[in-house]
């Protein structure tokens, strides 16, 4: 976790979410655990946009479970806020990869949270498994050639 | 609940959602309780599109809690499915209102679930409260002049 | 759904839950969809106490998905409330079964919600499947010989 | 976050939870974000046992939101597993405090996850606020005189 305090965004993917009542808690703000759902949304949409569906990885017998998750909460999102999830795919190795996240208010770009997730690569039996060449190269390609700003693109409409 | 088995859609509002891992359960499908989150999304987006923000109602001291909810599950949505939430605002009275819902697979329009929610109108102390004229008329207007098909409109991009 | 408004409890199983922040919403009360989690807890604990583990049913290739769920909300549970989930196993047929629920405040027994779930019996391919004799008889036995009041029993301690 | 990799348990409080279907995801295991609900349960029950209700703190105008959360996932809990949440109250200052967590399988004590949460002290307007003397002393007392092993005590029955 040596680099965990440094949560940089490099050419991030961006998508938006509207805060539901079901995301909030009695404090009037998004429940702290629910930001990990937004992180999931961010990394899934990033990969989909770059032509890799996580579901397809699974169909090939690969699972990439979270082995570490970290969040630093700066401000609170409230019911009905329109928030923006920025996700950077930071690195990929044969057995692991990492995503960084920043979530901001869309209206004034106020920072809500920064965080990261570290993932292992395992098979359906839960055993550590090396990424096959084609997928490793495709993932590395995402990092080497990150997408341009994409808030208005089709995938953001779900 | 006399009319509860009849769940008709009249000129419904439509919006889409992508099924997250966090929405599913170990059965491989969306957890049965999580469809009520999609219902919430459907009715909130319907009202927003017609110029009424539920958050603004709350700012005027009005809350519309669910007093009945019903779901009939026809088929299961899976991880990464793109689903379509169709919501109809069926009627509004001074003290209550009702929404009907249908959720379908976007790809083949296969029916996943039908349901309804019945809402009361209360104040912040939880006491039944009549809708003021302007809001009642604005809500009735939504029913009398339902939106046209709107899948490509701005609000669908969140 | 002819009998859905009549939600009777017959010799119910009872267990308790403490409301987490994560169960509530910005209205300060339990989110309406989260009561379906409490229903799940109620029926699972009822079956476990009577010697039937739902996980074991699954290991035998049987799944009992919810095909209808209904909730009537009477009052709101708040953060940190200790609530009591009363569950009745109402009937079982070869292809379906039904549970009724009541959730009350433990402190004053104030009614929070009544509801029911209707379940189908399917195999792992999702095809309707008749319950085998031994399980059908064991389930019928639960209904014919309901448990006595059990709030202090071991299973309530989790 | 200098000390974040060192997640020690000192005289931890222990309570148990049964994994619901609603806690799991399509991978067949508890969704990674839902462990933060277990963390919440752990720290709330720890404080309740030592005579401090978090709800009472709120009634006195104090909120202790999570400002950092970290989880290291070692193994996966599955549906119906009985898990044990061990929580240590590590330190308290006038403006912040920290809890460490370990969650294990009850059956074989297999480690599932380690983590921590760091909390700030704020008032209802979200402004950093010093803990008043009596509460600070009461919290410090928890740390100086941790509870003995308590799995069979009344509070564990919820």
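All chains are identified by letter, namely A, B, C and D, in their written order; residue positions are counted from 1 within each chain.
By our rule, a residue touches a chain if its C-beta (ideal position, glycine included) is under 8 Å from a C-beta of that chain, and two chains touch if they have at least 3 such contacts.
Computed from a predicted model, the values in this text were never measured in an experiment.
Traced through touching neighbours, the fewest hops from chain B to chain D number 1. On a Cα centroid basis, the chain most remote from chain C in this structure is A. Rounded to a whole number, the gap between the C-alpha centres of chain A and chain C is 35 angstrom. Averaged Cα coordinates give chain C a centre that lies 28 Å from the centre of chain D. For the pair chain B and chain C, the distance between C-alpha centroids works out to 25 Å. In chain B, 21-22, 27, 33, 36-37, 40, 79 are the positions where the chain touches two or more neighbouring chains simultaneously. Contacts between chains leave no pair untouched here, as each chain touches all the others. Chain D makes touch with chain C in their complex at residues 16-18, 20-22, 36-37, 40-41, 44-45, 53-55, 79-80, 82, 156-158. Within the complex formed with chain D, the residues of chain A that make contact are 1, 4-5, 27, 32-37, 40, 63, 65-73, 76, 126.
On the side of chain A, the complex with chain C involves touching residues 21-22, 24-29, 31, 33, 78-79.
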